[in-house]
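You will see two complexes here that share chain A, one where it goes with chain B and one where it goes with chain C.
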Partner chain A sequence: MNHGLTLKIGPATFRIGSAWRQPVDALARLYADYPPPADAIADFTVRLEPAGPFRRWVRPSIFITGDHGLADAAPMSLGHGLLAAEMGMNLQMALGWRRHLLLHASSVEKDGRALVMTGESGSGKSTLAAQLGERGWRLMGDEFALLDLETGAILPFPRLVSLKNRAIDVLAAEAPPERMGPMLAGTAKGDIRHLVPRRDAIGRMGEGAQPAMLLFPRFGHEADVRSVGQGEVFMRLTQASTNYVALGEPGFAALSGFVRNVPARAIDFPSGEEAIALVERLWEELA
Partner chain B sequence: MPARYCQDSPDAILSCALEDMVLFYHRPSGQTHMVISPVPEILATLDDGAALTAGEVLGQLARHYDLGPAEEALSLVEMHLTELASLGLVRIA
Partner chain C sequence: MSARLLARALRDPGGVTALDAAGWNALVAMARAERLIGTLALRIGDRPVPPAVRAILADARLDADREARQALWEADRAAEALAGLDVPVVLLKGTAYAAAGLRAGQGRFIGDLDILVPRDAMDRVEQALIGAGWEWVKDDPYDDAYYRQWMHELPPMIHAARDRMIDVHHTVLPLTARPTPDAAAMIAQAVSITNELSILSAEDRVCHAAAHLLADGDLAGGLRNLWDIYCLLDGVDEAALEARAARHGLLPHVRQARRMAMALYGEGARLTFWDRIVMARLLARDGWGRERRKLLRFAFYLRSHWLRMPPAMLARHLFTKWRKGHRPA
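Right, the complex of A and B next:
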């Protein structure tokens, strides 16, 4: 690989190699505030390679691979190289992380306790976490929450927040421009712009928090709050975890403990402002 | 001779109650099962290494629960034991 960079995000260290300079330069700028890795040993390698012969130069096209990869992953344009690198890191975590139960969820912290939000893509969990992260909460992660198998704490994984479509303008109005990445237009998920978490969220990325509330957010509906039974919570969280089966009994113990101890609600909301008000109210009542 | 059912080993199954559901983590297979009453109660009769017929399981349950007409209750217990055996949570002794 001609160009490379090592990044530490939460407990995971990534070595990113690229055939092109541009994705590495973009990462270096956006991850400039992250502490340098303490040692040179990476948990995962991500490689951004030309999708075929000559594709380094002619209509440059990126194939994402690494320690773990998907053979049929669609190539991406060099203009989306930053996104490719982020997707490559996500892929390694989703397919290879075994030290914690990995939940496809966002998380934020206040007063030493964590709020976890999970839902499908488009549910609003990422945008909501990013907004809360600008309003007095500590952003722990917008994509993956790591459940500690021993202590039951949620550990941060505060990578860049991936803002999509309408969420871009919402956060651009709240966060300073120097924390926003370049606009990546016309990706497979629409327009994407990355947001660098606040400096305190980065500085405290080794600091976990006990989970105090779980929400299943759903954007685009009239405001509503519903209880969710523990059996349903357990089932939805096993679906939201990429490594529940691989972890075996420790994963079962950690997840069942989480479900028994953490109050859960499904929330619907028509706008970010209403969502934030709802979250603050539920946090006062339940957490 | 009616079949006798037993558990794999005393610690093969780890259970956890979640409101009205019970989770079984089956250690030998690594599989998680979600069940509701009367499955946990049926499985509990086979604790401590017991090897019981469906009729004996029913007898144990009848000490603690009102199960209605015996014939219907027996076929229900037989059905659940067959299912548990097919899942590998109990086996025929």
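Right, the complex of A and C next:
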């Protein structure tokens, strides 16, 4: 392909090819602090291709694909090329990763132990993780938490944090501008800006932690804490995993171990500040 | 770059140890795109490869094991659903190779469950499968009618709970194709592998695979299908194969498949001009896993329709599909 870049994020290495220069340049700038891959052999290939015969030049439009792809993926404008590249990497992980149980969850670490937060898009798990990552916790990832099948540890996947809509201003107020990506206005999920994790989160991206607490956050409700039964936790985590079925018995064993050992709570919160206070309090009590 | 890199790695897996990082990236992307990564992983086996590659190949083996397990379970479920009918059920393609432990099944990606049953049992088979939880995928009456009138199989069905597809064939080529293989003879010669299930005889396996590759379809996934043929040819008596192919009207197809399989994966063969064109189509894949030679691919896409239908019928079919909004990829 005309333009290419190889990135290593946590345990996974991506080879990204693009018909255009812009997405690759944007990635290179934001991933500048990430360690270069050891041997440049990629676990996955991501391709950003023109969405039609003339779409490289005329109203440029990106079709996201690669080793794993979805035939009906919606094309994206070249202005959102950075987002397209990120989505391409996520797609490979979601459909192709087999070395850990992949949970659609954010995770942060303190004192060698991990807090895992899972929920639907819009639940606030990503914003909360990003905020904690600015306030004394180590951000392990905002999108995927990797559960080790043998040790039960959570491994980091600290890609760029994808901040959406109101979360953008919240984090822009806490993080320095050089760690913020360009504003991508009017994407399918609204406005998006990427946040580069702190340098120590990137430097320690090979370092896992034993999970000590699981939260199901829900933004936009009166503050509340509810316990969640193990059966429900298990079912919700199978739904939050893209490779639970593919991993078979080892995936079942790892997930049931996680559910047995990690205390879980559902939390509601009306604002980020209250969420953080709630998380810190529960961490003191349970973890 | 073309998929010759992948073909060479399958033929001589010892050669991969000389690859650099760029070579490995290209090989892995091609193998995934052609759904040959599991086969490649098993061919490479324990040879020394970089750690990053070892992990990728281990993943592929894991996926292939799961594919085989799921495929055998689907076959078991279909056998159970059809057990009361007293109808012979012949497994085809990937599931057959995996169930019989054939070399062609090792590491193979297995998509749908394909079975062959006698044509006069189709209605009963259909009802029994629906009774056991399979349902129609296509809700378009034109597609449904088209399958029933002209195809060699029922419209595809999917199991409501397990989300796996089954294709029920009553012969191995569309009824509109020029060759007319003798499906009844294939069923009569099938080899039992369990109480309820059988697979085609060794010669018929090659005939079916060659018909599928060269007399039907646009050669998408052809490298994998040709690898199947290469493996299936192993140990088949040449005279018996030729006689059987002639009986099915597939002698040119079987001969061409053998030449191409030997040229690509075996000891080499003398290729005709037409063989070389087909070969160029099979190898049209680059080191990013992208399809190359768009025009040649499109020509084979057109050919696939030409093979299936007489011109007037083809025109009517394409017009109907076009009106419904279908455009070739």
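Some observations on this one:
Everything below uses one rule, namely that the second predicted complex is superposed on the first by the 287 of 287 C-alpha atoms of A that agree within 3 Å, B and C clash if a C-alpha of one lies under 4 Å from a C-alpha of the other, contacts with A are read in each partner's own complex, and residues count from 1 in each chain.
Rule of thumb we're sticking to: contacts are C-beta pairs under 8 Å (C-beta built on N, C-alpha and C of every residue); 3 or more make two chains touch, one makes a residue touch a chain.
Since the structure is predicted, the reported quantities are computational estimates derived from the model, not experimental observations.
With both structures placed on the common chain, the touch criterion links A:Arg260 to chain B but leaves chain C unconnected. In the superposition on chain A, no contact is made by A:His3 with either chain B or chain C. Of the two partner chains placed by superposition, only chain C is touched by A:Gly17; chain B is not. By the document's definition of touching, neither partner reaches A:Lys110: not chain B, not chain C. In the superposition on chain A, A:Gly231 makes contact with chain B only, not with chain C. Within the superposed three-chain model, A:Glu249 lies in touch with chain B and out of touch with chain C [touch as defined at top].
In the superposed pair of complexes, A:Arg204 makes contact with neither chain B nor chain C.
Number of chain A residues touched is higher for C, counting chain B against chain C.
Overlaid on A, the two complexes show chain B and chain C touching the same residues of chain A, namely 248. Contact residues on chain A toward chain B in their complex (touch as defined above): 229-231, 233-235, 238, 245, 248-249, 252-253, 256, 259-260. Across the complex, chain A is touched by residues 14, 16, 18-21, 23, 25, 27, 30, 32, 34 of chain B.
By the touch criterion given at the top, residues 21-22, 24-25, 28-29, 32-33, 50-53, 55-56, 59, 62-63, 66, 69, 288-290 of chain C touch chain A in their complex. On the side of chain A, the complex with chain C involves touching residues 1, 13, 15, 17, 38-43, 45, 47, 49, 66-68, 96, 98-99, 246, 248.
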